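Both complexes shown next keep chain A, but they swap its partner, so chain B is in the first and chain C is in the second.
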Partner chain A sequence: MGSSTCRIPPPNPELQPQQGPGHRSYGRLPAPAEVRKPSGSLWKSWKNKIRPKREPRMVFDPDRCTGCGTCEAVCAARDGSAPDASRIQILREETAGANFAVFCQHCLDPLCLPACPQHAISRGESGIVSIDSRLCAHCGLCIQACPEAAPQRGPDAKVLKCDLCGGHPECVEACPHKALSFSSGKALGWIKLLRWPVQVLSFLFFVIILIGTVCSVSVADLSFGCPFGLLQNIAASKVILLATVFAAIFLVFLTILTGRAACGWLCPFGFFLDLVGKIVPQRFQLPRFVRTRLAKYGVGAAALGVSGAVGYQAFCTVCPIGTICRSYGLQSVVGGAELAILPTVAAMEVSEKRSWCRYLCPVGALLALCAKIGLIKIVIGASRCKKFSCMRCASTCPMGIIPESDLREGISPKLDASECIMCLRCVDTCPHSAVKIRFRWQKGVPAERRAPCGASNGGGQCLR
Partner chain B sequence: MQDEFERALSDAAARFCVECGKCTAACPMAEMYSDFSWDLSPRGIVQQALRGRDILTGKAVWCCTQCEACTRTCPAGVDCCGLVAGLRPLARTAQGAEAPVSGACADCGAPLPPKPVLDYLRSALHGAELRYLSLCPACRRQAYIRNNS
Partner chain C sequence: MPPLDKFFHKKIALVNLASGTTAVEPWPRSLANEAERCIPGGSAAAAVLSGIYGDALVLATGPLTGTMSPGSSLLVASCPVSGGAYAHVPILLRHGTALKTTGVDFAVVSGKASSPSILILGSKGPRIEPAGGLSGLEVPGMRKFFRARLPETRHSLLLCGPASGWGSCGSAALENGTSLDRGHLAPWMSNHNLLAIVLTGGGSLPFAGGRRPLFDKLGPKSGIGGFLDVLEHVEGGAQAKGTAEKILGRPAACHSCPWPCMAYLKPGPSTNGLLCADHAGFAALCGACPDSLPSALEACLRLGIDPVSGASAFRGVQPDAFGKAIENLFAGVPPAKGPEFSFPLLSQKEAPERALAGMVLGICPILVQRCPDIPVGQWAAGPDSDPEAASFGDMLKASLQLAAKARTDAQQEDMEIRHG
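This part shows the complex of A and B:
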């Protein structure tokens, strides 16, 4: 108290004045690069694409922790303070014998960073989120913003936070039971090397090699048909041909067995959309009335109704999946004109990946109904998942069914099997092997133990 | 009421204020609120309290984050932060139900930061509606553990 040291840092030419709500622009640090651009040769950038480099992080194993507190003591010794003010806190549950370590997870998209009014928090080159002690006013808003309240007030009420000891955390070395480890995790990484060739092959097979379309194919004695085309056919002609039913039932069975893998792995138009989505940046938002996943069921019902009215398969004339197959190679002028549907639908990729599949595709809607009673599901395990600090699965999911909001709250989201196209990108990218493929009857995500009060009234207004 | 007001002033040694403005320079509220002005600043609050202006009815005392940056930096030894903390109960009685307090932790009942501070936090965090903001840090850890083990 009473120390009159000047806490304002010397002017730094790097600190450019920015527009903001406050008066002071000198304290603003340059915005950290969100995602580091892969530098160097083309080979390096490709290597980074195939196997992205991850910075090592501290991983806590609750099964090994005995709650001895060595990590706390070692950490506090850095500041010369008592263990209760260390930057890693072990919460001990004596009755259950379970312990849990709370420490900064060094999030990819840290919430403390925008919350800090002093702009003292930055995410460094190696992904270490640190507090600049010259700028910090110890207001504690980072503690309030953090989902697990990882920053900690020290003995003199100053805010302390793990900085990974600059890359060599001492608590990890000191832990006698190896409950803390320092690793960058291990993602599978090979599923995409399998899926892309399968998608390419199925595209070549359906679009180029095959005479005919994916909608109705006969190879030797086996015939294969689009189940939604069959439904339209029945609606149009009011006649059920058993042979076509048998042809269409294959895709239904496949979907019940493996989820909507046909959408993620086989659909030639889905492959086309994946390619477009790789090139086109997702920058705009579709109008709200399009962005409802129920719309595709409406499109399906409307298509069936129109088919019954006009007497032929109405949707099949504009179906992008069929169009991409039968219009290849300028078979006819009509075929060329049909091709116009492809860029129109693919243009929706500027808003979200696989927008067509998410919101409008009626074939996908039919398969979604099959997947609802399907045998497998994707489960994000609660204890292994790093939640808000990672969120790689949420950003990689092309269907956008992994809600970031749940992960931000520290809850493992429950995934809707009918919306999942089983592309397994989430399984592939999770560095903590928390995302698993499970049978329908196997244990899923545990229900949220307690819904925090304020979920309904906007928060902050309970227990007045 | 007046006695308590005077006691809060004397406890915080407010009369030693030399109006140098270091407290305002250190105060994080400048970056938090777009309407930050002399009325909201630590110097303004101390001066308004000394001059007998009515600061118990506005939102002046409710914007502070209680970080004590002003107290640490004051060369005259004025406990600006303590003054705000001392004035808050008086403002609470003066304003009654109108006081912008954001209530208590949904689990343990510990007080949460006042409404302007939480509003700033919500607007800073991508405008996201985060349910855990209605828990105090200690209970938030417990909730996190419950959901993750």
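This part shows the complex of A and C:
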């Protein structure tokens, strides 16, 4: 690309937003310069990071849309253009009357933004992706880059894109059937504020307070133990002690009730991996034979076999969870071969987040089997999910169980409950409230609103 | 400035099919003169222009067409019928807006093309093209033809199905799968070798912004209740209501209409994608062949038959007879309705006048009748008092008279200038 294409042209008076009796001024929309302004002190930036964010979102409900095009008319009226050139386009499928609205999704990582050679597109603090008409050369590369082709060309060939009217979209207000809804966004990231303290406290509890007894914890008369440790014990001693069974069964029940929440919220090694994963960039790939989720079952079976053969809990000697407690606590012996285990396993984070948990952890394998018959699951509602234009859940899932390929193809994926560690990052990060926790017997996300056509047509036309 | 003046481009598209010439010109003088004392839109404007251009088809928008007013999608197609009268056919969906965004308020189509032709009205001006492979196609095929030919643009269509070539007066020009033509527009188009009119829009409107004055007052209606509301007010509609509830599904609305009164037939082996917008036609067919209603409706929309006119031909016909042999049944069926537009909902006394007012303003005549509590003047002026509204009633009355009036002196003069 030549340098001339990257030069920012002087403001063109013809391309300024029109002001006049017939045109509305959208003063609420922050100027791009204002949007890019640094947020000030370090404290403020931390406060912004910690405070749950709300991102404005517009959601289209195809069941309610009658195709009247009022949204298009209202939007086009901003510029005095025809509905054909509005920032929201209703695609009418004439064979069954199904309609679909195309408008800017204000993606987390908008593809239009890097595509713009003039750097005219920016994502503001409020989450609104907007075009600076002073910089835009109306080349149309953003239209080509956008997977939904959401930017439109106006009648004068100017590129127009939904800016949510600065946070108060007129089309939503105008829609007579409430097929469009807008919210300033659900609180994003609040679960994170809950999970991190729990993980920290759990880590401190296991590593600092219990000091090396993570495989079995006694509180008053109650004992809690690692269920995989129990299995090894049984394999090694060929004896089943009811006391140890009762101790181990707690984690099994917890998993049946809450899925693998113990992995996501309580496991000290999981917390350690989360920290490492935040620091280490994921740039490499593990060998293909390791990158299979069945491998952890193989590791578990092998560990049990070895334990039976050698007569003691073989895997516990190298278990990273036990190791982190035994070797790194305040009063633990720091040294020995165990010290090498942690860095080795942690090094796998250069491949994928929680690689150990995904592919190798036999404790996780055992809990995964319990989670298969668990009571709860995570589901992604197809009607709310924005699929390829969002994909936040896929990028945030540490276990990688939300396939981006499905989302790219417009499919809302089904999640494998046995692989989900119930960290709830996907629930936390989904701005559309599409990701929900549901009971196992529930089929999907229940419809929060009945389709207007449902009563009379039996719902046969609905797009869900 | 006369009220509602700002809603017009003040331009007119002139198309001569015989010579193949097209032009976009300012309004003729007589129409501009009429604009001083009445509202020169819809059927009123069509009456003036018909007087000037003689045996011509006039496509006319109203001042409110394309605005934020509810139901502002109307296009009036006026054409001469036998006996010197004019038929004013309301075309709904998005056709009015599509014409207005081409940059003209009215289009006058005159002359007879030497071979089957298509008229395309777009923002770059009107153009006449040979029909090519369009001849002989049924309506679904014609729609596919245009989807393939104009893939990049949205287009609103007016199509003449095969029935218009059967020598029967009961054919109908179809918009996207539906019609309110009662056997007047399609025969005119067919007689003049005009197989289709395509409105591609793409330009801008002569006004920007604007209020949505009545949306809040009307409120939304959902489901197929809108279709049933209208159906029970047309002739034979009460009996057809039960059938409609069974076979109709998803509702649909015209441009900027909060009260959808159209509905799609539930998908079936032969009825996938049938948009039902003709309540009177639905009721007529239901009365004639209640057991085979979907097939009869499908045949009407496939072949371009006015269901009201065709109902008598369909009476007692078995569903498997709705194939090509239907031509024999249908040949010679006269139009069931006269040329004057009448879509009064039976229970309302003021319905005819309100319907005609809608036809002048460019508002759906069905919607205007469905909300009798809202004065027609408020449609243009908004629910709040408006200084312009004082003269509005008088001007509307003048427009309604004009729509029914004979040729004026100014029109005569325009016509003489035009014809040398």
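A few points about this structure:
The definition used in the following text is that the second predicted complex is superposed on the first by the 260 of 464 C-alpha atoms of A that agree within 3 Å, B and C clash if a C-alpha of one lies under 4 Å from a C-alpha of the other, contacts with A are read in each partner's own complex, and residues count from 1 in each chain.
The criterion applied here is as follows: a residue touches a chain if its C-beta (ideal position, glycine included) is under 8 Å from a C-beta of that chain, and two chains touch if they have at least 3 such contacts.
Everything numeric here is computed off the predicted structure, so don't read it as measured data.
Of the two partner chains placed by superposition, only chain C is touched by A:Pro83; chain B is not.
In the overlay built on the shared chain, the residue A:Ala98 is in contact with chain B and with chain C. Annotation for chain A, partner touching more residues between chain B and chain C: B.
Contact with chain B, but none with chain C, is seen for A:Cys139 once the two complexes are overlaid on the shared chain.
Of the two partner chains placed around the shared chain by superposition, chain B is the only one that A:Lys387 touches, whereas chain C remains out of contact.
By the document's definition of touching, of the two partners only chain C reaches A:Thr70; chain B does not.
By the touch criterion defined above, A:Leu111 reaches chain B but does not reach chain C. On chain A, the surface patch touched by chain B in one complex and by chain C in the other comprises residues 22-24, 98, 452-453, 455, 458, 460-461. Residues of chain A touching chain B in their complex: 1-4, 7-8, 20-24, 27, 62, 89, 91, 98, 100, 102, 111, 114-115, 117-119, 137-141, 143-149, 157, 382-383, 385, 387, 405, 408-412, 446, 448-455, 458-464. Contact residues on chain C toward chain A in their complex (touch as defined above): 66, 68, 94, 97, 100-101, 123, 143, 153-154, 176-177, 201-205, 207-210, 212, 215, 218-220, 222-225, 245, 248-258, 260, 264, 266-267, 272-273, 275. Of all residues in chain B, those touching chain A in their complex are 22, 25-34, 36, 65-69, 71-75, 77, 102-107, 109, 112-113, 115, 117-118, 120-121, 124-126, 128-135, 137-138, 140-149. If you check the complex, the residues on chain A that touch chain C are 22-24, 64, 66-70, 73-74, 76-85, 94-98, 155-156, 174, 176-178, 452-453, 455-458, 460-461.
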